[in-house]
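Look at the two complexes coming up: chain A is in both, with chain B in one and chain C in the other.
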Partner chain A sequence: MYKYDEYDQAIVDARVDEFRDQVRRRLAGDMTEDQFKPLRLMNGLYLQLHAYMLRIAVPYGTLDSRQMRMLGHIARKYDRGYGHFTTRQNIQFNWIKLSDAPDILAEIAKIEMHAIQTSGNCIRNISSDQYAGAAADEVADPRPWAELVRQWSTFHPEFSHLPRKFKIAVIAADEDRAAMRLHDIGIQLVMRDGELGAKIFAGGGMGRTPMISHEIRDFVAADDLMSYLEACLRVYNRYGRRDNIYKARIKILIHEIGADEYRRQVEEEFAAVKQLGLDPPRAELERITAMFAAPAFAADAPTDIDRSDPDFAVWLDQNVKPHKQPGYAIVNVSLKPIGGIPGDASADQIDVMADLAERYAFDELRVTHAQNIVLPHIRVADLKAVWDALAEVGLAEANLDLISDIIACPGLDYCSLANARSIPLAQKIAERFADPARQRDLGELKLKISGCINACGHHHAGHIGILGVDKKGVENFQLLLGGSGAEDVSLGRITGPGFSEDGVVDAIERVTDTYIKVREGGERFVDTYRRVGMEPFKEAIYG
Partner chain B sequence: MKLVTGNDLPSGDVIWWTGNGWSRHVEDAVDAGDHAEAIARAEEASRRVNVPYVIEGVATAEGPRPAHIKDRIRALGPTVRPDLTLKPADPNAGNWVI
Partner chain C sequence: MADGFDPDQTTMTDSGGGVQLRFRDDEVNEEPAVTLDSFLIGQSNATAVRIEPGDDARALLPSLDRIALIEVSFPSFRDGRGYSVARILREAGYTGELRASGDVLVDQVPLMRRCGFDSFAPEAPIDGDTLRRALDRYDFHYQRAADASVPVWKRRHG
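And then the complex of A and B:
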């Protein structure tokens, strides 16, 4: 885990003091909302449908038990007893008082967290692979690199007022568990001739104009990475459109000028930037990397496991993934109980996950973009104890990557931008497919719901995606098939006319029934869709 | 009918113009009619209320209700957490939202 140095702590503390004074002036009537709004947004404080919402950054989704417990404390003391883990690997609190916001930021600053750059037209929280440091397939731990990018991008004076928000993901494996190709910039660490470097992608994103990123450079040496990113951002900052919010993302710029021309300009800029000495010395990367050193794994940890409890065995098969260290496993804690609210966790549940991380997982937790929690380093011998503890607080749903493991944005129940409610629809779908055997028979099926075109629920990247729209004051849902945010990245296609809430649940069942009829061998749903195309599904849905 | 709504500045709570002040309960709202925009502007200028604005409402036997689903959800609270709505003890709370 990264630990703040004196500079990190000083800038975060200074920001808290600054925001406290800004809030004081707003409450005293010395500032208008127009004057105050950009200031509160810089500190992650939105005004949503019912109240202020505070989004706290979880850098690359990694946190320790002390930080997790603090989130439970915030939920209990300042909110209404729960928090919402987001598709950006952050957490949001939905019922924050403006007058409490400075105190909350002061409390989280004590445990090395903040809400800086969780809003606004700047570089947002860096996302990464939730299995970082535990996965056998990574070429390196991506987190030291993500941390370096975080430090470079925090309060970067040139990139604090970009044309639009900017999202960066860092991964280090061919299996993409972070939807990297759907970020403004994607960084994949790779080895070439024994040297670690990065493959750079740019111009991806979801929203109203979804695009898959282009490979811009097949290899950037480690010592050049910050300069190269600087060049990528400079070209975007210079030419990205500021006249039209809907055309301001880097994906539009690259689409309009072409990937080749963008690459040419980046290379030209890189040649100039590289002379400026922006790249940190190796010693700095080594200092950061040392903080992410592997925990003290036991070399002889037993690998045997008692599978006699059938429910435990199902959970093992579905939610537990192999670890790079023999005798250890990666545990995925589903925040998607049948009928629950995707991504929500109560303060008590947050405390239990923190306790389990401290006792069994070398004090580490991860937030996933699929709105689940990972305990990355669990001894195989401890899996049963962890499962028992999770089951006691309703966190042992064995549905990872199944149809009920639904990504859903807060939707019209909470969000002032939304046009339709995502959560009740997610609940209805999960209840329709509640039978665990049926879910497992359907296999990997990633269902993602957004309550508006902004696509916080990643509907474009769902094997099955749903987009809520407002049709003359009534909620309506469009159905999409064939998307993926993984290494087989693709964008879903709309099936046809939209549905009511109940209608779209029925339509999904017709889609899954069709899949079962036409699938071959071990095909996943998305494989079958790619083989047979839209027509059989469309025929089943619309007749 | 025209309803004036906004958010309480320190708490962020959704509030409704009652004719002589603000309430957290939409039942207390009044039809501000032709004066709605002027009331919103005056309240904005006083800097006590966060971004007051005017919405369409409808009169019902139980009092005024917002016309659009988004405003109805805003008036009651999240439909998925009845325990967090303004009137959790009322079994009919929420029936008018959707």
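And then the complex of A and C:
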């Protein structure tokens, strides 16, 4: 885990002071709401339908038990006893008073957390692979590189007023667990001639015009990374469109000028900025990397496991993933109980997860972009005890990557941008498919719901995606099939005319019934869709 | 003192092209700034140039040693292109006055200072106390920019 030194702490403390000053000036009427808005957004504070929402950064989704407990404390003291984990691996609180926001920031600064750049037209929280440091397939832990990027991007003076928000993901495995190709910039760590470096992708994104990123550089050495990113961002800051908010993301710029031309401009800029001494010395990457050293795994941890409890066995098969260290496992804690709100956790549940991390997981937790929590390093011998403790607080749902493991945005229940309610629909779908045996029979099926075209619920990347729209004052839901945010990245296609809330649940059932009829061998839903195409599904839905 | 801002030594006045803040001790350039197009096609005797957000500041690079004032226009505080303009000019070695004018807000001044702006002509006057707090607030910065601030990684590793 990264630990702040005096510099990191001074910067975060200064931010608390700055934001307190800004809130005071706003409340005193020295600033208009229009002037205050970008300032509060740069600090993750949104004005929603009913209250302010505060989004706290969880850099690359990693936190320790002390930080997790603080989130529980914030939920109890300033919110209504729960928090909502987001698709950027952050957490947001939906019932915040503006006047409390500076105090919340002061409390979280004490445990090395902040809300810096969790919103606004700037470089957002850096996301990463939730299995970092635990997965066998990574070439290195991606988080030290993500931390380097976090520091470089924090209060970057040139890139704090970009045309639009800017999202960066860092991964280090071929299996993409972070939707890296759907980011403004995606970084994949790769080895070349024994040297670790970064393959750079640019121009991906969701929103109303979803695009898959282009590879723009096959290798950037660690010593050049900041200069290269500086060049990428400068070209975007200068030439990204500012005339239309819906065309302002970098994906549109790259689409309009072409990836080759963007690459050429970046290379030209890189050649210039590389001379400026922007890159930290290798010692800085080494300093950070040392903080992410593997925990003290027992070399001889037992690997046998008693599977006699059938419910436990089901959870093992569904939510527990292999670890690079024999005798250890990666535990996924589902925040998707049937009928619950995807990504929500109560303060008590947050405390239990913190306790388990401290006792069993070398004091580490991860937030996933699918709105679940990971306990990354659990001894196989402790899995039963962990499961028992999770089950006691309703956190043992064995549905990872199944149809009820739904990503959903907050939707019209909270969000001022939404056209439709995502949460009740997610609950209805989960209830329709509640039978665990039926879910497992359907297999991996990533279902994602957005309550408006901004696509916070990643509907374009769902094997099944749902987009809520407003049709003459009535909520209407479009259905999409065939998207993926993983290494087999693809964008979903709309099936046809939209549905009512109940209608879309029925339509999904027709889709899954069709899949069961036409699937071959061990084919996943999305593989079947890719093989047979849209027609059989369309026929079943509308025919 | 992150920026060395001292209200007694820094000009806070509304004279000289609407300049309220100036972090230079040379004389204010009173010559009206010409547009970039005018400068490039004929008025290259001018020593003051105005850059609009859509202009390519690099067109000025061959002439920087003849220019005493570059005024960068911010029609909206949300439009951040001028920050890159400032960086590009300073990186090219421009040492003359670099003025941010227009919709420039107090919370933006520290970022603009880091990008190389050394004078400010805001549409709405900036409150001196708020500005002093803003400029003094951050003792450390993570990244190298156009100012003299030593990046945190350099402080860590020398």
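Methods note: the second predicted complex is superposed on the first by the 542 of 543 C-alpha atoms of A that agree within 3 Å, B and C clash if a C-alpha of one lies under 4 Å from a C-alpha of the other, contacts with A are read in each partner's own complex, and residues count from 1 in each chain.
Going forward, contacts are C-beta pairs under 8 Å (C-beta built on N, C-alpha and C of every residue); 3 or more make two chains touch, one makes a residue touch a chain.
As the structure is a prediction and not an experimental result, all values here were calculated from the model.
Once the complexes are laid over each other on chain A, chain B and chain C both fit without any clash. When the shared chain is aligned, chain B comes close enough to touch A:Pro424, but chain C does not.
When the two complexes are overlaid, the chain among chain B and chain C that reaches more residues of chain A is C.
In the overlay built on the shared chain, the residue A:Gly29 is in contact with chain B alone; chain C does not reach it.
When the shared chain is aligned, no partner comes close enough to touch A:Lys77: not chain B, not chain C. Contact with neither chain B nor chain C is seen for A:Lys471 once the two complexes are overlaid on the shared chain.
Using C-alpha centres, the superposed arrangement gives chain A a vertex angle toward chain B and chain C of 80 degrees, stated as a multiple of 10. Looking at the shared chain after the overlay, A:Lys517 reaches neither chain B nor chain C.
Contact with chain C, but none with chain B, is seen for A:Ala14 once the two complexes are overlaid on the shared chain. Nowhere in the superposition do the C-alpha atoms of chain B and chain C come closer than 18 Å. Within the complex formed with chain A, the chain C residues making contact are 53, 77-81, 83-84, 87, 91, 105, 107-108, 110-112, 114-115, 127, 130, 133-134, 137-145, 151-157. Against chain C, the residues of chain A that register as touching in their complex are 5, 7-8, 10-11, 14, 17-18, 21-22, 25, 30, 35, 38-39, 121, 151-152, 154-163, 226, 234, 237-238, 242, 272-273, 276-278, 280-281, 283-284, 287.
The touching residues of chain A, when paired with chain B in their complex, are 26-27, 29, 32-33, 47, 49-52, 80, 95-99, 341, 412-414, 418-419, 421, 423-424, 427, 473-475. By the touch criterion stated above, chain B contacts chain A in their complex at residues 7, 9-14, 44, 46-48, 50-51, 67-70, 73-74, 77-81, 84.
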